[in-house]
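Below: the structure, in structure tokens.
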Amino acid sequence: MSLPTPPAVQSDDGASIESMKQVVRRIKFESELDLEFGERVAAKAYGQKLLSCIQCGTCSATCPLSHYMDYTPRKIIAMTREGFREEVLNSLTIWLCSSCYACQVQCPRQIHITDVMYALKREAISLGFYPRRLPIPVLAREFFKRVLKDGRNTESWLLISLYLRTNPFRMLKEAMLGLRLFVRGRLTVGRERVRRRDQLRAILTPERPKNGGLVK
Amino acid sequence: MPGKQTNGEIRIGFYVCHCGHNIGQTVDVKAVAAYAEKLPHVVVAREYKYMCSDPGQELIGEDVRASKLNRIIVASCSPLLHEHTFRTAVEKAGLNPFFFQMVNIRENVSWVHTDTAAATQKANDLVRAAVHRVAHHVPLEKKHVAIDPAVLVVGGGIAGIHAALTLANAGKKVTLVEREATIGGHMAKFDKTFPTLDCAACILTPKMSQVKNHPNITLWTYSEVASVEGFVGNYTVRVRRKPRYINEELCVGCMECIEKCVYKEGKTSDEFNVGLSKRKPVYIPFPQATPQVVLIDPEVCIEFKSGKCKKTCVEACDRDAIDFKQKETVEEIRVGTIILATGFKTFDARRVPVYGYGKYPNVYTSLEVERLVNASGPTGGELILRDGRRPKTVGIIHCVGSRDKNTNRWCSRTCCMYSLKLAHLLKEHTDAEVYNFYIDIRAAGKTYEEFYDKLLEENIHFIRGRVAEVTDWAVRPSEEGRLVIRAEDTMIGIVRRVPVDMVVLAVGMEPQTDAGDVRRLFNISCSTEGFFLERHPKLAPVDTFTDGIFIAGACQGPKDIPDSVAQAGAAAAQALALIDRGEIELEPNTAYVEAELCSGCKTCLGLCPYHAITRNEELKKAEINEALCKGCGTCVAGCPSGAIHQHLFEDDMIFSELSGLLEPQPADCC
Amino acid sequence: MNEQQPQPAPSWEPRIVAFFCNWCTYTAADLAGVSRLRHAPNARIIRVMCSGRVDPQFILEAFARGADGVLLGGCHPGDCHYMEGNYKTLRRMELLKRMLAQFGIEEQRFRLEWISASEGERVKTVINEMTEQLRTLGPLALPRRFADWDKELEPLAHALASTEEAAHA
Amino acid sequence: MPEKPKVGFYWCASCGGCEESVVDLAEQILDVVAAVDIVFWPVAMDFKKSDVEAMPDNAMAAVFINGAIRTTEQEEMARLLRKKSAVVVAYGSCAHLGGIPGLANLVTRQEILSFVYGDAPSNQNAEHIQPQRTIGTNGAAVHLPAFHETVRTLDQVISVDYYLPGCPPTPKLLADAVTALLSGTLPPKGSVLAPDTALCDECPRKESKPNDLVLEAFHRPHQKEVDRDLCLLAQGIVCLGPATRSGCGALCVDGNMACTGCFGPTSHVRDQGAKILSAVASGMAARESDAIKVALEGIPDPAGSFYRYSVPASLLRKRIDH
Amino acid sequence: MTYLYYPGCSLRSTGRAYEESLLTVFRALEIPLKELDDWNCCGATSYVSIDETDAFALAARNLALAEAQSSDGSVQLIAPCSACYLVLSKTERYLEDYPDVNAKINAALDRAGLRYHGKVDVRHPLDVLVNDFGLEKIAKRIKHPLTGLEVACYYGCQTVRPFATYDHPQYPETMDKIVKVLGAEPIDWPLKTRCCGGSLTGTIQEAGLRLNRALLKEAKGRDADLVATCCPLCQHNLECYQPRINRMYDEDIDIPVAYFTQLMGIALGCDERELGMHRLMKKPSLKHIMHPKGASANAW
């Protein structure tokens, strides 16, 4: 797994001003691209609509988080379409997407942007492509395990295991809040479980496919 | 039945067309010809590059003479395109034109398939069907109908006006029907026109008065078409003329009555100023309205509501033109051709709530701004916002209700240019900072790009990014009390918040709300978007699928003024062509009854929408008036004893087409 | 019962007979052509002036002659070029569908579609869909079935024939 | 005196009504007997198959065969009689169109056997014994004719020269046919020996049918009080008259019964059921699919109603089984 | 008709007050609710980031159960939590729209002896209360109008986007209508559907807190007395992080955040405890309403 190449495009929030000081190569060779990437993602994200993007930027402007993203959603679509696979899968953008669907309902081409982001997240996870110690994929994983096990998710346990795996110090930070929730009976300690867990085990795919299928 | 008349032994001539590469590249034309040659009764089978060309047609003639052919089949494009061409060729060759059958292997085969084997197979099947069918063809008499030279033009916008004048100047009698109280349409509301910036009124009003005064034009405003009957050349149209409560002949438009109305102030929102001003119950749409006749709005006039008005207007009128008793009348006219120029409606900006129209007073539609900057507009051309302020910053949002699958997916073609125009006018009027938020600038017309240049040099801001929202949500002091436009500046790749005092929504063009009803009224088709559908997107842009009915202007699709005028001219020319030909040929595909088989069961009587079928009471059998029959064949399919037939679509023709089509092939034998 | 399913010949392709009305659906098919909307080559169009001309006999005949499916296309209700024709079609075909079911003909084999002159895309979709459905249904192949049904007549026919020969010998 | 022309009568899958109709000639039958020599009529007199086999080919001037063909025995006799007779007349709806027995083509042979010898409520056959082709009883073997999968019209088995329609044909039609036969004034072969217009032509209620009839709903005869004078379709009762050949004198309508189509279609119609379906449906009032469906509830068994006598003769012939 | 009720995980922990108040209100309005037996987690937004098929299958199990547990032709399944509502309705929609998804998922269900026939209607309480039950009927039962109370109705994202059909995805009004009926004053603000960051507050907290700050500031700026929510996560984010937001961006935000069902309960005169008011970090200043001195309408 090659390490991410430096972004070919400057990010919006000027976060990498530092990098301006040294000379960065700003050229992309077709040979570096994965030209089918776009179509493969489109296929995973319901319909070829992604390909009909006209780069109007509504998604970026609608997105409540775009100003924290290294690439605006519009750029992610453009780069996906054009095959900038590594930049896309390494981007923070896909992780910052909180699935609020604001972009999707306003997209003039009705692109399932949120589904695109999910498809990219899956791909990144299955390839271990995401930034180290980034808690989001870990949260996803923990959540996933828990549900696989109990069929339900007990938030307290979820958060605890999340912090343990990402940033134990956060635990202390959150302890106070945890306590306040606890006294109000909003943090349950008992585990909620589904009776017919056998059904769940039957339904869910036995072993995780290693590869989301977007990469050849 | 005449069906059995085969004029001797059946000798079929078959011709398959390459249509350049259009057919040849997908269908193995040679193979088709070879295949046809082996079919029963086929005497000659040829392939040719362009059958519709003169030599192609002559080919038929030569063979008919040389090989005594008495049936002709051409496999080429759609019969809707060239059936008439080839029938004429067959006729020239000395055969009855209806001893002809056409096979569509272009639109139905080569253009929609890729696999040559499959396409050729399909072509062969269709050819076989035609060979079986044509054997049952019989000679028929052509039907001709005369064209009434009078023309009806529906819609008094710039397109309707231009079409009416063109025809009238050619000496034809024209009736122009307009729904509103004045002609002029949208153009009359505009201030200036792009890219020349000459004032709309200055170029439009002369044409309006020409219409009013033209001896060949009958102008019926405040009127609507109620019903249309008949067919090409012979339409009977009923027009509903709504009461103005003013005698149109007497009124000279002095407007004294308006002056003297008991209402000192207007209280009703003024349609012409798109609600930006108020009018009185008695009013005239705008100063140069044509005809120069006032009208009374019974919804708000006290006399109509209570009957207790002082009627100061009546006193004021020295010509006794006011008539509260006036009733709606229905006039009937006969015309040969009809031109529809019913125009468009602007997109309702409320459908995109994120842009805050109807919520924030300083959000305007482009049409409102046209009135706002217009010297004869509600503010006398002074740019004063609803809240009384004058804008220092203006944001123009493009593509509102255009290029958006959530509202209208099409490009309205005019918004870019009028937005540029408004940007220029707004800067001119207020010296404000003007921002354009666009997706793409479409300045494809003659000298349009130059206009765009001019605007860039005027230092108007162009931000390439579709606006996500307009809010009064301030996150910086600089945004307090203003409207904030949020969009990504896609060229720079960063999201921007632009606070402005005024937002202009460049609303797109939509089909009229009642386009569907109008379409049914005139029996034409609409595209999926709801605009009237032309017969052919390139070759018949103003014809419809109903002979004698033409379309012009924005009712066919978004269009600017030059294009509308051009199309109106074209429509007029099409009508003239028909009128001057004097008559038109109709398909002789009418239905007829084989009397000895008819049991008089009456099943058919109720099936005919044209009342062409009657019952002969002494024979107690059905009879069809072929003059009234339009040839749909519903009665034929409905006749339970097979006593009704249809020329060109006889049962045995279709049965034989089926038998040919489905004849067992080596491929699918058991 | 012992009638075995006619096995599709290796080269088997569904055959669809499509009756299209001149004003809407046939025009739509032309539009599909002009717009180069590629689709399955399995439909054979027969043009009629109005869907109302389509006699239920035509549909039965099409099946009897070996069509695997029949598609009938007309103008949308209210848009008929002849004002009312498609309403008559709708009534006839609703009744015909019920009857076809009694004869064991799957409903996907007969389809009534309203396709306006502007809906070239729809022509493509409908023909593709129907082709696929028929592919999964397999051949209807009535002519072959008729032949199979008549196999039970062969023994006596042959017997008779042979006695004839015997007589002549 | 010259030898009288020989004629025969035979029945296949039929109810015997056709034979009755011959007897219904009443005293006229004496004229027939006087004019012709009946050499084969198993129902009435003792004839054997061997008698026919013994005849030279075309020995008979005409044979009147009624009933559809369902068994090998019927098939065999039909073929035999075809050989021995110059003219074959398909006599009655069953021979002509398949008739009531033809309705069996809407179910499979197996369904019939399982019901009749098994599931039928009245049935006393616990071990579901079904008829066999050959049964051995004390040494001797009895052979039964085979029961075909498909019911056929006569002309689906042998070539037929003329058709006498009806369930049963009226004595008048038979008399006319015989007269024509004797006087050698028969129409071209393949003809149906009855008028070529639909029943409405001779229907007493013809004029009572409104010119602009709209069918709001359909009723079956038992569901309503039927007016004796008003056109039955006008009363919402499905009457096949408009799609059925005339010649019966509108007997059923006289008996206040709707025509059920036993005379079959006129010569220009290939499929009687499809045609009456088309006629009836197009006259309906309903415009929307749902309303139409509701109205059609009134015709619960379209195939049975429109093909009462003609399933085997219809374009589809038989229910397809998958 | 009986509604099936799908609580979802959050309503059993952080969102308990939501469940308590919801059930109480439905009881007060006599709308029968039956909890979906043996429901499982909907998969929320994280699950689909790992495996989409599993995510759909997981949600589909609930739909299949609902179908099996209901006698009516169309099954009305109420999901109060935004995430659950979204995931369930999304699954429902995709099973309908995409045959391939449908095939895969039903195959998965089949392994557990389940099947889904597409009969379930996933409903949000807002939708049910306004469009099924009706505002008039609610109005009739109001005992203590919340007169003068200025409420910022906050819908969050997933109750109205993108599959909800009962209201506009950017400018919904259903909750505002209810609040009006309760006698309170819904303030008009542009952020009612702007995302609260969801789980970001637990992961990339900076981003999450900024979003909540914007929302709370705006609500406060428009003089709202409290924020009403219809989602456990929104409620949690908006309420619990106020101190931290104040610390980090030195603001002084101190605004109660309650579930709209709690407000309804109060107006309907339900018991404070049964509405889980005690679980809120900061109680709305409604004491005089909650302990009516006589049930006079304007007890202020």
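The chains carry the letters A, B, C, D and E, assigned in the order they are written, with residues numbered from 1 in each.
Following the convention adopted for this analysis, a contact is a pair of C-beta atoms (placed from the backbone, for glycine too) under 8 Å apart; a residue touches a chain by one contact, two chains touch by 3 or more.
Please read all numbers here as calculations on a predicted model, not as lab measurements.
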Contact-graph distance - origin subunit C, target subunit E: 2
Touching subunit B and also subunit D, the following chains: C
Of all other chains, the one whose Cα centre sits farthest from subunit B: D
Pair joined by more contacting C-beta pairs (B-E or C-D): C-D
Chain separated most widely from subunit E, comparing mean CA positions: D
Centre-of-Cα separation between subunit E and subunit D, whole angstrom: 71
Distance from subunit E to subunit A - Cα centre to Cα centre, in angstrom: 25
Intercentroid distance (Cα basis), subunit C paired with subunit A, Å: 51
Inter-centroid spacing, subunit B versus subunit A (mean Cα positions, whole Å): 49
Residue numbers of subunit C (touch at least two other chains): 52, 55-57, 61, 88, 92
Set of subunit B residues in contact with two or more other chains: 354, 469, 607, 634, 637-638, 651, 655
Residues of subunit E touching at least two other chains: 170
Contacting chain pairs - touch in the sense defined above: A-B, A-E, B-C, B-D, B-E, C-D
Interface residues, subunit B side, partner subunit D - complex: 594, 596-603, 605-607, 615, 620, 634, 637-643, 651, 655
Subunit B partner contacts - residues on subunit C that touch it in the complex: 6, 9, 11-13, 15, 17, 22-24, 26-27, 29-30, 32-34, 36-39, 41, 44-50, 52-58, 61-62, 65-67, 78-79, 81-85, 88, 92, 116-119, 124, 139, 141, 143-144, 147
Partner subunit A, residues of subunit E touching it in the complex: 9-10, 12-17, 38-41, 43-54, 57-58, 61, 86, 94, 98, 108-109, 111-114, 156-158, 161-162, 169-170, 193-195, 197-200, 202-204, 206-207, 211, 240, 278-281
Residue numbers on subunit A that touch subunit E, as the complex places them: 44, 46, 64-65, 68, 95-96, 98-102, 104-106, 114, 118-119, 121-122, 125, 135-137, 139-141, 143-144, 147, 151-156, 159, 162, 177, 180-181, 184-188, 192, 194-196, 198-200, 202-205, 208-209
For the subunit D and subunit C complex, residues of the former touching the latter: 72, 75-76, 79, 83, 106, 108-110, 146, 148-150, 157, 269-271, 273-275, 277-278, 280-282, 284, 286-289, 292-293, 296, 299, 301-304, 306, 314-322
